Amino acid sequence: MSTQKSYISTDIDFDREGKHIGRLRLPYSRNTSGWGIIPIPIAVVRNGSGPTVLLTAGNHGDEYEGQITLNTLIRTLEPRHIKGRVIILPAMNYPAAMAGRRVSPFDGVNLNRAFPGDPDGTPSQQIAHYVSSVLVPMADAIMDLHSGGYSMRMLPTAIIYRPSTPELLERVIGAARAWGCPLGILFDDLGERRTFDAICRDAGLLKLGTELAGGGTVSVEALAFAETGIWNLLKYFGVLVASPPAPRHPCPRSGPMRLTEITGPEAYVYATGHAIFEPAFRLGDEVAAGQVAGWQHYLDEIERDPVPLHFHKGGLVACTRGPGWIEPGDLATLVVTDTTG
Amino acid sequence: MSTQKSYISTDIDFDREGKHIGRLRLPYSRNTSGWGIIPIPIAVVRNGSGPTVLLTAGNHGDEYEGQITLNTLIRTLEPRHIKGRVIILPAMNYPAAMAGRRVSPFDGVNLNRAFPGDPDGTPSQQIAHYVSSVLVPMADAIMDLHSGGYSMRMLPTAIIYRPSTPELLERVIGAARAWGCPLGILFDDLGERRTFDAICRDAGLLKLGTELAGGGTVSVEALAFAETGIWNLLKYFGVLVASPPAPRHPCPRSGPMRLTEITGPEAYVYATGHAIFEPAFRLGDEVAAGQVAGWQHYLDEIERDPVPLHFHKGGLVACTRGPGWIEPGDLATLVVTDTTG
Amino acid sequence: MSTQKSYISTDIDFDREGKHIGRLRLPYSRNTSGWGIIPIPIAVVRNGSGPTVLLTAGNHGDEYEGQITLNTLIRTLEPRHIKGRVIILPAMNYPAAMAGRRVSPFDGVNLNRAFPGDPDGTPSQQIAHYVSSVLVPMADAIMDLHSGGYSMRMLPTAIIYRPSTPELLERVIGAARAWGCPLGILFDDLGERRTFDAICRDAGLLKLGTELAGGGTVSVEALAFAETGIWNLLKYFGVLVASPPAPRHPCPRSGPMRLTEITGPEAYVYATGHAIFEPAFRLGDEVAAGQVAGWQHYLDEIERDPVPLHFHKGGLVACTRGPGWIEPGDLATLVVTDTTG
Amino acid sequence: MSTQKSYISTDIDFDREGKHIGRLRLPYSRNTSGWGIIPIPIAVVRNGSGPTVLLTAGNHGDEYEGQITLNTLIRTLEPRHIKGRVIILPAMNYPAAMAGRRVSPFDGVNLNRAFPGDPDGTPSQQIAHYVSSVLVPMADAIMDLHSGGYSMRMLPTAIIYRPSTPELLERVIGAARAWGCPLGILFDDLGERRTFDAICRDAGLLKLGTELAGGGTVSVEALAFAETGIWNLLKYFGVLVASPPAPRHPCPRSGPMRLTEITGPEAYVYATGHAIFEPAFRLGDEVAAGQVAGWQHYLDEIERDPVPLHFHKGGLVACTRGPGWIEPGDLATLVVTDTTG
Amino acid sequence: MSTQKSYISTDIDFDREGKHIGRLRLPYSRNTSGWGIIPIPIAVVRNGSGPTVLLTAGNHGDEYEGQITLNTLIRTLEPRHIKGRVIILPAMNYPAAMAGRRVSPFDGVNLNRAFPGDPDGTPSQQIAHYVSSVLVPMADAIMDLHSGGYSMRMLPTAIIYRPSTPELLERVIGAARAWGCPLGILFDDLGERRTFDAICRDAGLLKLGTELAGGGTVSVEALAFAETGIWNLLKYFGVLVASPPAPRHPCPRSGPMRLTEITGPEAYVYATGHAIFEPAFRLGDEVAAGQVAGWQHYLDEIERDPVPLHFHKGGLVACTRGPGWIEPGDLATLVVTDTTG
Amino acid sequence: MSTQKSYISTDIDFDREGKHIGRLRLPYSRNTSGWGIIPIPIAVVRNGSGPTVLLTAGNHGDEYEGQITLNTLIRTLEPRHIKGRVIILPAMNYPAAMAGRRVSPFDGVNLNRAFPGDPDGTPSQQIAHYVSSVLVPMADAIMDLHSGGYSMRMLPTAIIYRPSTPELLERVIGAARAWGCPLGILFDDLGERRTFDAICRDAGLLKLGTELAGGGTVSVEALAFAETGIWNLLKYFGVLVASPPAPRHPCPRSGPMRLTEITGPEAYVYATGHAIFEPAFRLGDEVAAGQVAGWQHYLDEIERDPVPLHFHKGGLVACTRGPGWIEPGDLATLVVTDTTG
């Protein structure tokens, strides 16, 4: 990570008591505003000393439940609820959030592949750098809220990276159980060095992620999980000292979290054609290796029979394609299996 | 409707016995092919004399269940199943279907607002004209399969236009019941003269439509309705004379169709802001007039409280916004009410 | 003009007493909202019987002073000020206004070349048709506020079309004098049949236009003219019966209006190269025929000397190019001359 | 054809003696110039009385040999060479020519599918209307120079439409022989009513076309044909009364013109896949029905064997695909056969 | 800064006597020219020994007065005028200049945030590197001419960075006074390391900048300042030894330069909405802290009252928004205050 | 080159005997597939021990003959033909190949200016890094097949970089002669450090390149050279141990290779205007210094005479512009001269 200082400044004083809503100001000289900034919304709620929790959403712009949950939390969380500090970024990659797209329209960069970032880089790289170098060092615990976005639909899930120590793993799994989704997935991102998870892993930090629903839409059920879960997490992280307000959406029932993992590349099924993908399963089905995962329909070559895709391994289907249209290399579906450890 | 002849030709002989798969050839001189055509897939299955049924999907390119259903039907429907003729267009607006978008990328035209079409117009206008002037006159009954597309999610529904005679209305409602979806909606398209429905209404034809699911994704449940329903319809229309093959997707149970209507502009709820829309309901809920339909969250103006939208009338929620992002004038939700007649 | 009915509806009752703010609802089925509308803002202020005045801005989206003036008028004009009715459309081509561009991003159509419109056409054509067939027939007098837009900078001017009778001409010139800008230009739009002016001319209506400033920016001086002028006009048109509120911007002094005309094609100077245009004059200069109007600088062909453009006739320079960059056929400048009649 | 008058004006006096170079001025109000024009280059050379010949190129913007030939002719043709009048439009669809694309970037319209045009339509439609209603009525003979453009490569060819009388057919074939290309193709454009040819056919005019080379490049050999041919044509059309200047490019030798025809849809071979097209022939080969025309290579589906395309009928290959990439419906190749009449 | 050598070469010999006009050749392999270059115009005028002055414009492509001034200077400056060397780049970011946009269309990079550049980077990064590593080391004094560009309108101003020594500061202020604009602004670019100023500051060089006008247009008054000023500067920098030619534009009168500074983030006022911005001031007004700077008008939410923006501190308004349309984070206005030192 | 590990994985085992076709899987998180990959086709044919030959095409996506040749070789090359290993990448920059463009649509990067690449960079940079760090180290000899692409047309040529030792130079020239094209060109890429050649040069590897034809089309003659040449090369590189299959295209005759070189910048002729370029030569002509290379025709400035371009040095014309349209800095033509060594 660059040792240069970020150009991002803010009108928020992170050490001040009370609730403060403001902006991170990222200078971005563009055609439409030569001396303009990118104004990234941020809120800080502080009450005396205690742990600092960092909550983020809008890492990807088309994942909405987390953005709604944190925008609501900014309105409902009061200093009296906590002991310590809660930092909230409801639209971390603000340009992507305003465009309703995964990646930023300003630089085409996926924020979650831009960590630890670059203070002299593009806007998304600068955001990653600021989060890495300014916000993460303040935090005792971190929650980054995702959904599947336009291209994926997922079961409500806690996403757990594999930290370096068993003690930390236990704490992260504990956080996942507190979060309250019926499914937890352990994974290591195929070795990625550029994710928010990766820099937290390298720093030995307590961090949880989530996938709430997907398809670029807003799921009321997923919102209900998130709005209850976020307060549960604040409690688990040790900052919540008062009863939360009543949830707006009735809290969904779910049994204890099922802990699963992504075992490797064989868990993923990718499209092979430019086609309409017809799934042969439903999210949450248990499937067997070799089973047909779906068919690719070729309307431009109407004489060609639909070509099937197969599951390479058995397990629980945790993710399916969002849009009907699919192209070679697009993820069609993903299978997880119960952890063995 | 223009009295000029269409430029569209085909290698299909509509009067030949047997099953034939081919193309409509729409000459379209473009930058990437000066003397090229747009090849619209078509299949004709004929066995002796009997009624002609016209089945279309891909009127909008991002409505996939109908396209899959008809692509499958082309493979499973054999001459021995029928007495008469079935004409199948699985991707009626082929350029839109290949782009996975509602409107055609070639002309930005929504095919279902281009009827009765223009033989000298843009590609979508030419398609509308060919359908209106060549295919519709051959047909005794018509089914056009829609889903909600990227921007809307809907309950599985039979869409019924209001024909000019009570006899025909009865027949169309009968077709809707045969189709098998749990919901039927009567509506008159706010007076549109440019839809496929409108030209069938004006011609006094037996025509049914459907909305299957939406959000631009593929619903396995909706597919199951459609694959069973299409054979039911062929029977109702009087061309099916043999047992259909076993359905690939287990047939969903549903009770008798609930017949509803859209009463007028008050049934629609439109967005008023550039925002993320959080629905306060689930598809299929019964709601009351004045009830909050949802909130608009403004992440660019983080200090601004979410602004609610309200239902203008009570009833059953039949449609909700697909994407989380919404802009002024976008449809947020739609309410239907039981028919009184 | 088509005799078909417009699809545009509204929640405004034009005959109701009082002040009402609402929308014209133009159904526009698009990729991002299949059953969405275009919501065009409208306000109606009514107090008893009397003349109806129609005020419009945002005919072109990048002409801002009129939009601001009418948005302010909606807030300041009360029923008690008038006898009769004032209908206000501050953003007549709403999609263009929201894009800050001359033409609509939905159809690429310039609203002011789309009259009298088409009820089955593109959104801009439908707006033109609604204005022509619904609003104009209600109106006794019409004012359409323009500025130069991104591409032109103009002197504050009243724009006067040539009506068919001397009586009407006198009334329009009277309206222009009431409006209060220092310059008036008579012109006939080079024979255009597709402008708002043209349909008013053909209908024998009292209509005034204006050019306020330009360059796509907001001129505080032009705003001051417009905010005072709009109340003057209401008085001239016979609806104002009370004193207007104090203007927000100090009213600029200007002598009596100088009445000029565009004599024909020789008044226009067009660019001949892809270049940077350096004007050799200031707006409002008096120039002579043959005088250099400016130079075209070719930075891609640095060895090439700047090529001059010349005025084809003498007079007052009423318009100059907005952006520095210019291309063949772009208007460089325009000369008006005192009317001889 | 609309009876309205064109908005297009010009600084050229068609009746003046001598050589005059100027512009057609098409008013086009656009974002980048609200009161700008499209300046279409035109030259008129007149010497006394005699026939009027209309020469056009740039009907499609990416067909260059004709544009170069007419730009050169404007420099070399002097009044003393002729008796009568020659009107030259080297870039008829000027916006398309400046973009180097087949269709106009302003309206996406292919000028040669816009005839007879519309005076109130888009720029290309207005150009078509002006040509149809102003220029064509002045002309005794017309030559429109084409090449294959970006998407097609062709043999140097005279393109002959089928006029209504045998006498006129003989004259057109005579013009084709005078033009001097080794190949002539008779065809009727699959019934098109919207081409320059079609309106000349309907008006019983003497008109010739040409395809010179293609691929969006400039062929020196094709230029040589055109530069010699254009003078030959002026002679054949009866306006040339002096010796032409020496050609800049050495005149290619070619035997007498081979007269062929396109017999119908079976002459065309269209792509069926999104692929790289490998031709199995060379331009000018004689091929047999059923012979492989080429293979489609699928690099996205590397396991899939190349799929062949076949000639549907035998003959001379007069056209082949320009770009390596091909999509369903794009023209792969075209076969012509000797006329039988 | 990379120690690698630039790929940019030139046909100019910087050491040759006389006036030479040529190109910097930046190899840029693109879709439209695989082995093409970007040809950046450059002129060198040399007469014996003496200081070297580097003059640049077109750092941003939509800032025109500097480009015109230097294109004119290339034509008027002769070796006999000077003792030493003048290097002139009238369109430093040539692709941006040809596009008339702030940033380069080739890489989306703002050249003035790309210093010191990268020899293996994108075109703009390569230009920055060449200027930093080849041209700047030759220079004894540097002037970089800016205007506000499309998005900002500014008072004619000398822009003065804060160098490291008081002696150098005095010399830069002296240059600013020589330049002749009525206003001077000292500022430190909010800590930017990526500007042309920053690398000159780090290298301890005598460098001046300017803002001339703005709005993406050409101001005749600003041109007059620049054309006189550039000769004044050559004299101040010690290369001018003869009388300059008479200025083309009459020299504007202005008193002694008022020296001001930007004190920090509180000087900037940013938009908070997607709206039309109505300024409540004129450029050059003196304003007080807390005063309303303007209103944001929301035409999409017509019921919403305009939201004001306020000045955070008092002073002289040196900059205002160019376009009427504004979005959150865009600069609305900027205040400077007299230097206290 | 970064020492980080590539994220690219593969289902191919490079050490397994036999023929295997699969994909390189480059993880690329994009709007349309959040967890998708880019699937780059690869084939490996292995038979026992022996040298490893790496064959690549699709470095640029619009150069088709190489892609066809390698797609065919994957089908015809069997383990029995060789001793050793052949690794084949027919579409190295897969996204560019699927777009039919020189550079990748995902990042705008030209793969052949991205070496040695970056494992954390954009897709093209990651491909370059994988090739550099994984494939090149396995290879004893390398052939990268190019054509001129859309923008250039070239004579069939072997492209020879200048290696560091005379021994290696001799081997590369030997490979060029084996390849069988009539022309060989030695060049050093104007000092480029970012090409596939450059990293092979720095590593002292035996590598050959080729330019086959160009213009973005498929040349049957060039295909014939390539299909015969690729087997010749396998023999020269020492892996071929059996007779190749009969070529599909008849092998063109050509005499011994003429060995030439590019002497420096004076060999290149660049455009100076936005114009249509008319060449005054044919590919393969011998030209003299100072001779006219062609003319630039300005259809937007019809009064301007065509401006000539001249050859700066004499020699053989090896390359000419593809498209008729040309802009300043685009390569017009290139001259090579016989090597003197």
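For reference, chains read A, B, C, D, E and F in written order, and residue numbers begin at 1 within each chain.
Simple rule for what comes next: a residue touches a chain if its C-beta (ideal position, glycine included) is under 8 Å from a C-beta of that chain, and two chains touch if they have at least 3 such contacts.
Computed from a prediction, not measured in an experiment: that's the story for all the values here.
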Chain labels contacting subunit A and also subunit B:
D, E
Contact steps required, at the very least, to link subunit B with subunit F come to 2
With touch defined as above, tell me whether subunit B and subunit D contact each other through largely the same residue numbers, more than half shared, or through different ones.
different
Subunit D and subunit F have mean C-alpha positions lying a whole-number Å distance apart equal to 35
Averaging only over C-alpha atoms, locate the centres of subunit A and subunit E and give their separation in whole Å.
42
Here the gap between subunit B and subunit E, centre to centre from mean Cα coordinates and rounded to Å, is 57
Which residues does subunit D have that touch at least 2 chains other than itself?
39, 62, 150, 272, 300, 323, 328
Looking at the whole structure, which two-chain pairs count as touching?
A-B, A-D, A-E, A-F, B-C, B-D, B-E, C-D, C-E, C-F, D-F, E-F
Touching residues of subunit B toward subunit E in the complex: what are they?
272-274, 300-301, 328
Touching residues on subunit B, where the partner in the complex is subunit C:
60, 62, 101-103, 108, 110, 112-113, 148-152, 190-194, 265, 268, 270, 272, 319, 323, 327-331, 334
Within the complex, subunit E is touched by subunit C residues 21, 23, 39, 41, 43, 58, 62, 64, 67-68, 71-72, 74-75, 90-91, 94, 97-98, 100, 150, 153, 215-218, 220, 223, 276-282, 297, 299-300, 302-303, 305-306, 321-325
Could you pull out which subunit C residues touch subunit B in their complex?
4-5, 7, 9, 11, 25, 27-39, 107, 120
